Amino acid sequence: MTAFVPPVRQDNPYLPFGDHRNAPFYGKDILSVRQFSRQDLDYIFGVAHEMREMVQRVGTFDLLKGKILANLFYEPSTRTSSSFTSAMERLGGSVIPINEVRYSSVSKGESLPDTVRTLECYADVIVLRHPEVGASALAAKYAKKPIINAGDGVGEHPTQALLDLFTILEELGQVDGLTVTMLGDLKYGRTVHSLARLLALFRVKVNYVSPDILRMPPEIIAELKELGLPQDEYLTLDDVLPTTDVLYVTRVQKERFEDPQAYESVKNAFIITTETMRRARERMIVMHPLPRVGEIAMEVDEDPRAAYFRQMEYGLYVRMALLAMVLGKA
Amino acid sequence: MTAFVPPVRQDNPYLPFGDHRNAPFYGKDILSVRQFSRQDLDYIFGVAHEMREMVQRVGTFDLLKGKILANLFYEPSTRTSSSFTSAMERLGGSVIPINEVRYSSVSKGESLPDTVRTLECYADVIVLRHPEVGASALAAKYAKKPIINAGDGVGEHPTQALLDLFTILEELGQVDGLTVTMLGDLKYGRTVHSLARLLALFRVKVNYVSPDILRMPPEIIAELKELGLPQDEYLTLDDVLPTTDVLYVTRVQKERFEDPQAYESVKNAFIITTETMRRARERMIVMHPLPRVGEIAMEVDEDPRAAYFRQMEYGLYVRMALLAMVLGKA
Amino acid sequence: MTAFVPPVRQDNPYLPFGDHRNAPFYGKDILSVRQFSRQDLDYIFGVAHEMREMVQRVGTFDLLKGKILANLFYEPSTRTSSSFTSAMERLGGSVIPINEVRYSSVSKGESLPDTVRTLECYADVIVLRHPEVGASALAAKYAKKPIINAGDGVGEHPTQALLDLFTILEELGQVDGLTVTMLGDLKYGRTVHSLARLLALFRVKVNYVSPDILRMPPEIIAELKELGLPQDEYLTLDDVLPTTDVLYVTRVQKERFEDPQAYESVKNAFIITTETMRRARERMIVMHPLPRVGEIAMEVDEDPRAAYFRQMEYGLYVRMALLAMVLGKA
């Protein structure tokens, strides 16, 4: 057989020319907000901020050229899936999109450990969305390549919490000293639980505003109190709105109420309108994990304090940072 | 934190080194055939022809390297979706494929404006296929990034009409002076309606051949007459075949007929065979938007005048041209 | 119109600067294991070995930069689809993923020949997975671009057989002189049929171990005998295990048995445990096409002789080799 000599790229990112393999998070999994120290967050957000500047300057760059992401979604999530795909592509890497696992090997009964051990033969990093709590930890136990948890059931969705916090930091310049008000369904929303856990690493004041049946779970309040986070609960936004720096809105779902009347009687108190904004601080920001279904009126979109679409963009930078970090390139 | 310096590409397409931002269509939406002047078409087809030459010479080139297309399909369309994906990849760009919107955020009730405002955080241009008329215009109203309409219900599918016209131009060298015969279901086919509107910008003669119940809608005939397009209607192909330069075939669906007998009595008159081709001009071309289901016999595929597969290829060049144009690179 | 001059890459892979167009398999289809000679296999595995070394050295390289693969899956197969996607991306090429054909043009009744003739307008090579026997041959008959069969019903899955054989070669250094024992469902498993056909090109001894109702079909045994392959049949693994070099395990499905009791009575004889491994050769390897559902206990994964996950990785290299070869770059 004739010798086969494929062209080798000059800027070969695989040769250990730098010291990036000693960098924090190289080869690590991103499974839970509980794994991060305050110092970790400073590092992640520093890299994410650099990503933001690079994207704004050059759009895309070849930091992860030649690297492959397996985007493994056991349940559909257009937003999260697109965000990771874009993050990898803006870093010059490639993506294996896997959206149909429910029809495939898995429906033939394959275990998650076998699936990830197969996929890591093809990819350098695996992003996993799964309906079951603990799926990411299980995958990480068996995989040699890094696993990034993109949501496992009612469990964790750490990259969402990180992007939420990064949004606050980029929009308001700091986190320490702020008052964050969480509004809506605080019982079932994993988003607010994870964000609150991260906020406990900062010097902030947190307000919970929710219908009585959707209050922040007592065990989470207790856990955060232990960590020294000042927290207060309210049934309406009125008292806390004037002192709020960050208004984090979540959806109050009709289905959560046994009595439709009970829902009707409270729902208007949890919808943000231009009237709400009139009573809010001039530098307050409104956040929402999206999708929204009516809990923020579309008229609010024009208000410069409406940060929820910018929040999506910050998510891109955080995910770029995480991908670069676990692949040892940041 | 240590300074983070990602490599910057030398051929950075994001810095405004040229005057391409003054180019026609830069940052514009492609929503409807009605938005194009004759001069616009000359420009688009000029760029599309250059794309054809480049693809034939080098296959792929890096004109849109670093740019990202969100390919947002609310209903499946392998042909159109693959064509846009290939167009972006042949220009060195990347694609976020989004085919499962019906299972996703959207099924949680998210509005189209919210979905496109999220996706434009991740992508540089959005191609949208949607089952509802006017969806693309709605998306374009809210998006800051360019929207390309890839079909909105029974409404518009402008890139199909452009590729149809480009096929005629490339195959026959000109459009002015030709006789174009449209055959089959002229009532429900948005393809022929859009093509007829574009043809009205040229000096052509148009024949409509269809079963009586599937005639070109009178309001469209009136609209085109206003624009000065010479049009005639026929029930059979026989009279017009010998003078036809372009035979545009569409499918006559059995389901359109209340009476199965009525369908049986006409169907053969709308099937193209080698016998039909024998009576046609030597330089005539046969077109079809595809998929076909029997309305052109497979034996015709061997005839050099069968242009319908080449038509798919011209679609690639037109879509490459449009992507490059709206992104300011052509 | 102003002149339009897109940048041309210096390392243009489309100009015929080398003699690769005379290379074996350039422009050819990969349809069946029956198409390969012993010499062909030597060539393919030589290229695949180079691919392995390149991936281990540099991860990804630009041998197929600018080339596009249409990954056309009429039925889902995460493993095979991801493997081909990764193979193309590790070679610097792009992929058009087409997973929803069942909802699309095809459901409108389009024929396979029309679909592939459309897709080859957009892509340089088509990988096809289809539920019907002979689909790949039909596609290849009409397509001008190379077709790679990624499984057609109970017919062929040639790249699986090639990767199986490549695994043996890479793990054990040779194929000639080995004893290969196939275990489990040998009646319905196309994998073992194809592998046995390839093994007939080497000097090997093959043992078939299966429940009586799942024996290797007599016509295949006869065909291979004709080719001079030494074959023996057994009902249990006990006798042949000590002399086995390659243990190829497949799944025994409960549904194949009319009598549930019959299944219960045999199933344990076809499950591999650490106890089985204790009685096996020190250099034996265990293979499995995956997914597995219990036929190899998870405890065996730790054994260095468990080669089934490495087998997935060898599949990547074989598919990289095939893509490079049919595109004339190896």
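Every chain is named by a letter (A, B and C) in the order it is written, and numbering of its residues begins at 1.
The rule is short, and it goes like this: a contact is a pair of C-beta atoms (placed from the backbone, for glycine too) under 8 Å apart; a residue touches a chain by one contact, two chains touch by 3 or more.
Here the structure is a predicted model, which means the values were calculated and not measured.
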Q | Those chains which touch chain C and also touch chain B | A | A
Q: Taking all residue numbers used at the chain A/chain B interface, answer same if over half belong to both copies and different if under half do.
A: different
Q. With chain centres defined as C-alpha means, what is the inter-centre distance between chain A and chain B in Å?
A. 38
(Q) By the touch rule stated above, which residues of chain A touch at least two different other chains? (A) 97, 99
Q: Spell out the residues on chain A that touch chain C in their complex, using ranges where they run on.
A: 1, 4, 6-9, 12-15, 65-68, 70, 94, 96-101, 103-106, 108-110, 113-115, 117-119, 121-124
(Q) Quick check: in the complex, which residue numbers of chain C touch chain A? (A) 11, 42-43, 46-47, 50, 54, 57-63, 76-79, 82-83, 85-86, 89-90, 97, 99, 290-293, 298, 309, 312-313, 315-316, 330
